[in-house]
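Letters A, B, C, D and E name the chains as they come in the text, with residue numbers starting at 1 for each one.
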Amino acid sequence: MTKLTHHLVPLLFVAAGLGLSLIGLRPVVADLLILSVYYLLLAGSWNLLAGFAGQYSFAHIGLATAGAYGTAALVIAGGLSGWATLVIMPLAVALLGGGLGLVALRVRGVQLPLITFAFAGAFAVFLAAASDITNGSMGLQLPKLVPGFDRSLYLVLGGILAGLFFIVQNWMIDGKLGLLMQAIRDNEDIAHGMGVGIFRVKIAAFMITAAIAGLAGSFYANYVGVLAPSMLSMGEMGYVVAMAVIGGLGYRYGPLIGVVIIRSIEYFVRGFGAEYTLVIITGIALLVVLFFREGVIAYVSRLMPRQTARWRS
Amino acid sequence: MSEAITIKGLRVAYESDIEILRGVDMLGGANTLTAIIGPNGAGKSTLLKGVAGVAPVTGGEIHLGGQRIEALNAAQRVGAGVSFVPQEASVFGQMTVLENLRLGGWHRRKDKAWLERRIAFCGDLFHSIKPHLERRAGDLSGGQQKLVEIARGLVGEPRLLLLDEPTAGLSPVMVREVYREIARLKESRSVTVLLVEQNVREALAVADHVYVLAMGQNDTDGPAAEIAGRLDGIVRNWMSREGSGMAS
Amino acid sequence: MINNIGKISRRALLASMTAAGLLLAGSGSAYAAEDITLGLVSPLSEPGDARSGDAIKKTADLWVKLINGAGGIGGRQVKLAVFDDQGKVEVGASAMERAITEANASAILGIWSSSVALAQMEVAKGYNVPLMAFYSWSDDITAKNYPQVFRIGPYNSQIAAQMVPFVKDRGYKKVVVLAEDTAYGLGFAKAFEEAVKAAPDVTVEVVQFQAQTQDLTAVMSKVAASKPDAVIVQTVFSATNLSIKQGREVGLKADIITGWDWPLLPDFWSTVGEAGVGVVYPTFSDPSLNITATGKTFVDAYKAAYGHEPAIFQYYLWDNFNAVKAAIEKSGSSEPAKLVETLPGVTFEGTIGPVFFRNEAGTVNFHQWDKFAMFFKKLNKVGDGEKEAELVQVAK
Amino acid sequence: MTQLFVQSLLLGLLQGGLYALLAVGLSLVFGILRVVNFAHGEFAMLGSFAAVFVVDMLGLPVWTGLIAAAVAGAAIAYATNILVLRPIYLSRMRQKGEYTIIATFLLSQFLIAAATLSFGTTYRKLPGLWDQNLAIFDYIYLSGNRIVAFVAAIAMIALLFFIVYRTDIGRAWRALTQNPLGAAVVGIDVNRYANLAFLASGAFAGLAAALLAPLMFVFPASGVIALVKAFIVVIIGGLGSIRGTLFAGLLLGVVEVMCTVYIDTGYTDAYGFALMIAVLLFRPQGLFGRTGRAV
Amino acid sequence: MTRIVLETQGLRKAFGGNQVIDGIDFRLAAGELVAIVGPNGAGKTSFLNLIAGQFRPNAGTIQLAGADVTQLAPNVPARRGLFRSFQNGGAFGRLSAIQNVALAGMVRGLGRREAESEAGKALARVGLSPVADWPADHLSGGQRKLIDFARLLLAKPEVALLDEPTAGVNPAIMEVMRAIIAEMRDKGVGFAVISHDLPWVFGLCQRVVVLASGRVLAAGSPDEVSADPAVREAYLA
């Protein structure tokens, strides 16, 4: 896969969004695709953080939820248009992520997953309990970007956001920051000794990926139109992790593959009830972790080394 | 003199393209102290690790008493009577010295009477740790910690004690303290010792026999007194040879 | 096998859901023109109140079976399209939309949580499809006056208002409302604070707690320390039982009034034990209720099918289904839009009396049936059920 | 008002003993293998289901339920170590610590879903050993089961202390925790003692859950709550420190109850997180953790 | 006298009770190459770690190109013109050779494209062009050490600290390294090189500093040091 291909991928997504919006999909299929964009943004940015920067955070769904609730607040209380929130919330959540990073990235190693896990838990309790602000489990309702149930706009928007994600990802991985992140992932001490400002790079990675999570959350809020604390659960985080891990952590298109696989499974087993879906998906992810540690992409690339030599970043 | 340890053509390689030991032969007489010296990168430490079973042996034989041990894993070699005191700190810092010693007899821990006897023996052997048996090992000086490790290595009543640079990183005062105790250990004639050392003078002073390694192979060997006599030439030789391209 | 019954019903559930899934996956023609499809969106798995969801599903299955056995509605067979809302608002809303767009449901029933119902109302409005609420108590559901939304069942402000005379008559001066942090708990607490203004000498304190909590001991210690005369517990989760058990454990002496029919659920006495003695529960159900012929048919069939009596909310659900049936019969069509037009005017014999909607625009009594009585019943010994419980007071 | 204070303090301590019991296994395993086990809560959950099975379904006495819980917890912990963790920590991959976190995290989600499928979502309850509410001087009110659970928890932790400081197994554990190289040269088999640590960790988790069952309920998602508490306890106490775990368990119990009573009843589960963040800000290695770089 | 690019005064560092560095005064001029030799445990690597900021000294000062860098995190001296190689090579395993090298240019402020093009040239210079796109994990030990040298070319430092560059590498690679060091030294880079390969390093250096027990035991030209009985004594201890 050449650099050119990497740059074509965003266009592909935008084109797909446009094309699908014209076909007139069944709502259930459109839903599946649009919410897949939400998951792609989350799994993709989590992959940037964990797979490329080596920082394993469990706050990602929490940050997306913050983005969604922030969107609702701006729209309901602030009277802003949903479109504005799609720009504002990524910035706001990046700041939130930066604050969290200041606490969590001070110590290296297992502390980051633990602190971010704690953040997610505390934030979930807050969302449910601070009902005067968040309306508790009654949830918040906000108007959609377009009134009614027409999904064609969201398909286009989804295509654009997915494309945008890949542009940001290309910019990061092919740019300076991406290289510094990966150097820190591979050996923090040596990177430090070479002159890399470790903390700054980590915070930057944390903030950019938080911004993408915030964008995902804002997109979700503007699309679904109802928010509840149940949006933030460790089960959801499990989904996102599973998507990144199944596809291949540390690979550009790993999360995309993971999202496609998991969302397809979800689509085909959806009649079975939530527990079945979860058993199947976490079961598969577990098997991948144990037997194909680097995910589907790495496995395929080992089977076909020549064709896939350049898949790795 | 009967040989407690016999090494024949020992080869060790960490990676396939870099062979650190390229066929070393060595004999260690029962209850004697054999010192192994040589320039940096000669493969001295690697030799001990190969014998202890913590470095990958790719060829050769190791006989301990009548037993071939090169195929055993590290834990099995402990059982067979090999005791390794590595260069890095291996003391249990938050346990007392006594508890450290107790763990030295791990493979025969069920035999309480034997264990108590060995602990008493090893505690007695090293005068400079004897007053500190109840102290936390981590609170002792670097030299004393090293002595605790050596004493711990003896509790299990090994047939072979491998000491890897016991004074590396210690101050001269501590070096002398450690060697005073190693000398006492040798006088006790209770165990066969292979000692790798950079402090050649100290090593020669306590050794019965000395092997010189260079570039992963035998260079020369002889009784300690004889090697001491040729020492100036040997060392001058190293200074022109040092850095043979091998890691130590 | 840990739980045979649970297992079997789950398998049945699975089978029916798979069937629904297959139908959905297939083309629209699976829903033949002569079939009427009704959407059932209920909490069937965690974190939703799956306990109640299961009861809802049983009632709905039974109703469909009876109707189809009797030749359907106007000769047309009825099908149920079942969706799980998992107690989540966003899932409930999208499930509702799927029920409408994929399954072509004529009306949506079975909704449980007020939070979910409030989100679904927007979908109902958008697609102009009737949404039938039966035990979601938020005033807003009918107070918003959406033409598509109907409720045969009680609502918070009415319930709260009916509780005030009880509180006054019992001489309670200090009342704590222990409310879970959901629409159900807090919605009631708010309504009660409002209603109790009619009794100026009664002070009310609302104590909020996490709905999914497993330990209320600390909360109950605080409640006990404030020495109230009565504690009104408003929760559907395990806290119903926990609050009683742990309240007594930490020395709570006050009367406990715990909503609604939960003390009649099978796990009440096994979890609460001695602490349950003296508990008062308000209910809409009492042997003195005048069960109609329709109601008897339901109760008998339910007992025959599942081996135990239905709870009162299942009666309301039954009436909801019959309301849809009445509207289809009256309009001669299963078009959702037609039903929205027809439903406000239907009258029929419900399970406990005639059912008709009040249609007072601008108030909560819009598309709302409210002819139910409230009974306060006391459990005097371990193991007391509905029949043994002492009727303390009736509010109408 | 002092009555409420004393009562809260006592309740907090009683609760804290159980938190400590839930968490000791997590700490023990971390000390030896440097593995943070996110599936620890599910050991507890499955243990309590085993107790329900034995007591409720088979009708055996209550104390057999406790044993069943410990055995089931130990068995699942052992299996987790052999099947999930060992392949990772014996491998030569990078970032093993992070990978074990992902693996155990996914395992925990899997076990919750699988338990929900197998057992359903109904709340189950176990009878306690002392089903009685006590009024001490008509001043302090406690349930007998809570006292039984606390006493049992403290007894188990005392047993663990005995094992750790007085037996060969404990010596091996401490040796592995303090200096893996030293443990290797004296011939301690890390696999064997890691297995034993996992067995103990699962047994303690299962037992804690079974002791909690009469006070609370048994259901598939209960492990999440257990994990969160255990987690906070080990972080506050310092990963790998058993003394720290005991202290932090009691501290967490007291803080939770006190804050619930005196600040706001709606945020019980959030206070622990706040406490944890506060501790981390000032002592990143935890109150009893050793200084130096985190693993 | 030429410009002093690195100077330490009274540098001390202890770990627990072990005084690893016991008061080292050291000066390095631009264009000078100093060999640091001494027995194992003498504190050679610790000395480099102190200068590079990996360890914080307990006492003493470090001046880099006239500015004080004592107690600063390692990335600061690196950005002020200090280059440091590691005993086992400093490669990032999952990055390609060219990316590994380009980092050194980027830290200096180059853009990624520019850095990669320079890195390509540097790799060609050390003979790694054929493996430029391989992940460093797939390279041999010697090749990984050459990555450090390609980085050295890109980093354009004022001071370069090399820790056992030749350990475990074959003579051809040693010659490449020698050529690069000589060239950069002649352009004014100050070098401090730890090596056990005395003939190799003596052929490059102007001055030798012998460390033992954390102190400077002797300093002088290679010939003076070789003849110094105290130095031989150090090896004998």
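The rule is short, and it goes like this: a residue touches a chain if its C-beta (ideal position, glycine included) is under 8 Å from a C-beta of that chain, and two chains touch if they have at least 3 such contacts.
Model, not experiment: these values are computed from the prediction.
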{"item": "Third chains touching both subunit C and subunit B", "value": "D"}
{"item": "Partner chains shared by subunit B and subunit D (touch criterion as defined above)", "value": "none"}
{"item": "Subunit C to subunit E, fewest steps along touching chains", "value": "2"}
{"item": "Inter-chain centre distance, subunit A versus subunit E - centres from mean C-alpha coordinates, in Å", "value": "42"}
{"item": "Mean-CA-position distance for subunit C and subunit A (Å)", "value": "37"}
{"item": "Centre-of-Cα separation between subunit E and subunit B, whole angstrom", "value": "32"}
{"item": "Computed distance of Cα centres, subunit E from subunit D, in Å", "value": "49"}
{"item": "Multi-partner residues of subunit C (at least 2 other chains)", "value": "45-47, 181, 208, 210"}
{"item": "Where subunit D touches two or more other chains, by residue", "value": "94, 116, 264, 266-267, 269"}
{"item": "Touching two or more other chains - residue numbers and ranges from subunit B", "value": "none"}
{"item": "Which chain pairs touch, all of them", "value": "A-C, A-D, A-E, B-D, B-E, C-D"}
{"item": "Contact footprint of subunit C on subunit A as seen in their complex", "value": "26-28, 31, 125, 128-129, 131, 136-139, 141, 148-149, 224-228, 230-231, 233, 270-276"}
{"item": "Touching residues (chain side subunit C, partner subunit D) in the complex", "value": "1-3, 6-7, 10, 45-47, 50-51, 181, 207-210, 213-215, 217-219, 221-222, 224-225, 238, 241-242, 246, 248-251, 267, 270-271, 273, 275"}
{"item": "Touching residues (chain side subunit A, partner subunit E) in the complex", "value": "174-176, 179-180, 182-183, 185-187, 189-198, 250, 312"}
{"item": "Residues of subunit E that touch subunit B when the two form their complex", "value": "16-20, 39-41, 140-141, 166-171, 174, 195-201, 213, 226, 232, 235-237"}
{"item": "Of all residues in subunit C, those that touch subunit A in their complex", "value": "13-14, 17-18, 20-22, 24, 44-47, 84, 86-90, 93-94, 97-98, 101-102, 114-115, 118-119, 122-123, 126-127, 138, 181-183, 186-187, 208, 210-211"}
